[in-house]
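Each of the next two complexes has chain A plus one more chain, namely chain B in the first and chain C in the second.
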Partner chain A sequence: MAGLGLMTFFALLAGTIGWASPYDPVRIPDGDLAALKLAPPSSSHWLGTDHAGRDLFTRVFFAARVSLFIGAACTAFSLVLGLPLGAAAGYFGGWADQGVSRALDVLLSFPSILLAIAIAASMGAGLGTVVLAVGIVGVPQFARQVRASVLTLREQDFVTASRALGAGHGRILFLDILPNALGPIIVLATLGVGTSILMAAGLSFIGLGVEAGTPEWGLMLREGYRDRTLSPWPALFSGLAISLSVLGFNLFGDGLRDALDPRSTEVR
Partner chain B sequence: MTAYVLRRLLLLPVVLWAVSLVVFVLMRVVPGDPTVSILGEKAKEADRKALRERMGLDKPLPVQYAIYLGKLLQGDLGRPYKAAGDTVAQEIRRRLPPTIELTLAAMAIAVLGGLALGIFSAVYKNTWVDYLSMSVALAGVSVPIFWLGLLLILAFGRFLPIGGNLGVEFFLEPRTGFVILDAALAGEGEMFRDALLHLLMPAVALATIPLAMTARITRASMLEVLGSDYIRTARAKGAAPWRVITRHALRNALIPIVTLVGLEFGYLLGGAVLTETVFDWPGMGTYILHSVQNTEHESIGGAVLVLSSTFVVVNLAVDLLYAFIDPRVRYGHA
Partner chain C sequence: MTWKALLLAAAALAGAAPAQAGKALIWARGADSTTMDPAEVEWGEDAKITQNVFEPLVSFRHDSVELEGRLATAWTVSADGMSMTVDLRDGVTFHDGTPFNAEAVVFTFNRLTDAKHPQRPRVAPYASNFSDLSKVEAVGPRRVLFTLKTSSAVFLHNLTLFGACIVSPEAVKKHGEKFALNPSGTGPYRLARWDRDVRIVLDRFDGYWGPKPAVGRVIVVPVNSPQTAIEKLKKGEVHVVDHPTLADAKPLQEHAATKMDFETSMNVCYLGFNLKKAPYNNPDFRRAVSLAIDRKALNAVAYYDLAEPASNVVPPAIWRDTAPTPAYEYDPAKARELLARAGLASHKVELIHMTFSRPYVPEPQRVAETIKDQLEKIGLEVRLTGYDKAAYTLKTREESHPMYLQGWSADLPVPDNFLYPLLHGDNAGDLNGSFFNDAEFNAAVKAAQSERDPGKARSLYTKAYERYRAELPTIPLVHVKQLIALSKRVDYNMHPIEYRFFIATLRE
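Right after this comes the complex of A and B.
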């Protein structure tokens, strides 16, 4: 429940910050920059200001839109690629399984953030690159999970019954097997959003993320890190936003797993 | 057992070859024409063509890959496009030991800390000790490593050195490249202490996530083992409570943890890139960072290849160790 609360908190503030805050998240305010920039938290700027004098509270929650979108988009990318690959490998077995499993093994031979860095570096920084790089890195996890679930389910009686009734592969796979394999996939997707936010922030932190100026947590943390001796607040609050949102997804994912998996409740 | 070990060893070159192919595609094929970044966008087409010929980029891709692979086998990882001086291999030879040093230190903290936290949580299940440990572990997997590094700098930056792996006042003749080991070999106590202090914050920052993962797995694994009949028997025979936990339960609970440690090594190698950036640690991470900033694809490719190959070899070693300590794992009998 705490996880759901955190997720709702970020989603609500991200959705309403546009009209709730009097400040612009991107435009550099007029006036004396030296007086405005890197101000500590105050009644007019609850979390202080960044290096360009912009309100941090507005930027942190505006950035939630970008970062949550990146997290969701990367996970969706991993799922869209991983699900059919894993399903085909698990259902058809033989060469399909060998081919998919070996390709996944190759991807898993790379430490995940290194593979993301290599993909992002080869394509050049940008939002699309981040989604692609982090999304590809997540494919093996989904594919393996789906494969394992399909392998177990394809031997079940209800599948044999469906086959005996003359159902084709597509019908068996998509209407009989996959709906029953959804539980662990939903858990993995929830946890995957948190992991993707972390990894995308990592890419931004080393300069391989979204374009400069975009309100995004990783990039804000990078800028805050640069200004840390002048003011710790920008780095502190953007890092805190990443941590709390990822914690939210992790808590929610853990809760879902416990709810869906009877064994884990026994162990606990 | 021998057949299993042999099969895994024979597969190793195949995996390494596949890794090299991915790196080649990512660093040589996807980025497009490197002459643009070397000569600039305004260079004449004739100059570009000449450079492409000199670099062998006018040849078909399979030929280029064969040449690349041939050089790799001789330890030649290429040369940075723009920076003069050392080859990629020379630079990596200098920067790999500090990264391994940081990774091993973080691994030690993660395994010891994670085991302790996990065991305490399992033994004191559903008490405040358990809730606190698991809350710390859950927070640990949610925090970005570079933010944690920054928090450490803000909290302890006044007391501990930041930047580099040794104070500038020291001069150390590199023997192994591992600063702590070199300082110990040189018999320089003060230098050894300084190197340890430099290592402390980056290692703690890097260790956090693996420590949290180890703690969670250890707790689950210990809880499963502590519920088994042989533990009840040991207790019934009057074995001391901590003896039951350390001698009877932990030994069997360790099996899944060994696999996790192998996976964590990969995480640590990757995480080292981000940690080194925060602490300006002179290893592979800062090398990758500088190469990214200068779009030096040869250098990025070389570094990614070496780190990934290290990961592959370590994972193989862990898998073999796993098969050794748990006979059920020798595939086919699992």
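Right after this comes the complex of A and C.
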């Protein structure tokens, strides 16, 4: 429930910040920047200002949109590739399984952040690159989970029954097996959003993430870290936003797992 | 033997223990040297050491980039500009005890330029600066004659380069390839010890011909992270940090134990346009971009107010007495008009930038984001793409790149060192990423290279500048000040070009 609360908090503020705040999250304000920049929290700037004199409160919550979008898009990307690959490997077995599993092993053999850095560095920084890099890194996790579930399910009586009734592969896979494998995938996807936000922030932190100037937590943390001796607030608040949102997704994912997995309910 | 071993151990301790810091000046920098052979020097970290162990014939005055004799006492250039006679300083000895004379000068330059020389260095990155040198010969024990292939206005300046530092022929012959580990020059400091990636210990050379350094021992330590180095500085574990970040300047100025020294800029950061690609090839577009750039805001957002707004690609300290260059106009309203007239209002454009720090762009992302912001305020839609070092170098040399961020630090404090590599047609597609190839500009720059009359050279540079300013192949943004962090116990004034340990003093 705490996880759901945190997620709702970020989502609500991200959704309303656009019209609630008098400040622009991206435009550098006109006026005396030397006086405006890196100001501490005050009544006009609740969390202070960043290196370009922009309101931090507006940026931190506007960045929730960007970071949540990145988290969701990366997970969707991983899922769209991972689900069919895993399903095919688990259902058909044999060569299909060998091929997919070995390819996944290759992907898994790279430390995930290194693989993401390699992809991002070769393509140039940008939002699309981040989604692609972090998305690809997440594919094996989903594919393996789906494959494992499908492997167990395809031997179940209701599948044998369906097959005996003359159902084709498509029908069995999509209407009989996958709906029953969805529970763990939903949990994994929820946890995946948190991991993706963290990894995307990592890429931005080292300068390979989103476009310079974008309100995105990792990039804001990087800029804040640079200025920490002049003002600790930008680094503190963007770091806090990353921690809390990832914590939110993780708690929510754990909660979902407990709710969806009958065995864990029984134990309690 | 035992007392020698004891001395060595004591020397090692002096380097390791902060308690002994009072005796030696401890200088922290970003990385260790790779070589101590001046002919092999390619980057600043190597040069920092060789500039104190070796000496060139000609060097800079203590407070400017004006030339003065170091191992040379006088020089005369022939009427046709094809040869130069140099008189050498008397009573100078190398660290190995051998005397400095005309033979040593001839040996040094032959070793640098002759690919078949028996003591040829392993690499010679700056040898190409001497490709116009035809012959160097001793015409007396203290007199050398340089003969050139073409008349060159920058030859005297080339003599200040790292590679032109005079080496002891005996030491080179004795150590061979190991000379890079056993340097022997005429400088105020001699190498006492080099523990790779740990420390370099330099001791005062008692036989030095000039004023002796105030500090008897300098220990140079590599501390990769500026943050770590600064913490050490605050605690008194080191006395100098030569690579502070711009963000550190203010806190260090306010700290009780530390201070900062600033020096005029020898670099430029500029915005370039690919003149082979639309809309960047449209002069009205480039004029509009130029009018949209607010250098004051850029300085505040991206340079911690430690840069000077640029009105020329050549820094003012190098442009010196050449006709002054007026500031670029900032007028967003006029920029919008120009864009509208060119049919480019709300056009989509791209700006590529590096993601790695350089002296002229310590925060490339911030420069890019500020320029994007300023261009979007005149209605353009700007996409930014950042690249790491290898990818960026390739990218800016392709013909397909858009607007780009680039910069340059002077090798030599002469206008040609900026105008020729960055803007001359000869270098289009290389360092000249805009593909600027203007006949008038090219001719003026080329003519200035061999023009020895300073007045005429200045008017040629002014002509080149006017073409540059009119065509806007690149727009200079800022010149970034050089900075160094010091303990309050140290007195040291930065030189615009060199790191001179020998002028530092250290109080107890």
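Simple rule for what comes next: the second predicted complex is superposed on the first by the 261 of 268 C-alpha atoms of A that agree within 3 Å, B and C clash if a C-alpha of one lies under 4 Å from a C-alpha of the other, contacts with A are read in each partner's own complex, and residues count from 1 in each chain.
Please note the rule applied: contacts are C-beta pairs under 8 Å (C-beta built on N, C-alpha and C of every residue); 3 or more make two chains touch, one makes a residue touch a chain.
Note that the coordinates shown come from a computational prediction; the quantities given were computed from them, not determined experimentally.
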{"item": "Chain A as common anchor, with chain B and chain C clashing or fitting", "value": "clash"}
{"item": "Chain B versus chain C as contact partner of A:207, first or second or both or neither", "value": "both"}
{"item": "Partner chain in contact with A:121 - chain B first, chain C second, else both or neither", "value": "both"}
{"item": "First (chain B), second (chain C), both or neither touched by A:232", "value": "first"}
{"item": "Touched partner set for A:104, first chain B, second chain C, both or neither", "value": "neither"}
{"item": "First, second, both or neither for A:34, with chain B first and chain C second", "value": "second"}
{"item": "Chain B versus chain C, judged by how many residues of chain A each one touches", "value": "B"}
{"item": "First (chain B), second (chain C), both or neither touched by A:223", "value": "second"}
{"item": "Partner chain(s) touched by A:139 [first = chain B, second = chain C, both, neither]", "value": "neither"}
{"item": "Shared contact residues on chain A - chain B and chain C", "value": "121-122, 124, 207-208"}
{"item": "Residue ranges of chain B touching chain A (in the complex, touch as defined)", "value": "15, 18-19, 22-23, 26-27, 30-31, 138-139, 141-147, 150-151, 153-154, 220, 223-224, 266-267, 269-271, 273-274, 277-278, 288-289, 291-293, 295, 297, 300-301, 304, 307-308, 311-312"}
{"item": "Contacting residues of chain A [partner chain C, same complex]", "value": "26-28, 33-34, 37, 51-53, 121-122, 124-126, 207-208, 211-213, 219, 223, 226-227, 229-230"}
{"item": "Residues of chain C defined as touching chain A within the complex", "value": "245, 247-248, 250-251, 296-297, 300-301, 305, 352-353, 355-356, 363-366, 368-370, 372-374, 376-377, 383-388, 391"}
{"item": "Residue numbers on chain A that touch chain B, as the complex places them", "value": "105-106, 109-115, 117-119, 121-124, 194, 198, 201-202, 205-208, 218, 221, 225, 228, 232, 235-236, 239-240, 242-244, 246-247, 250-251, 254, 267-268"}
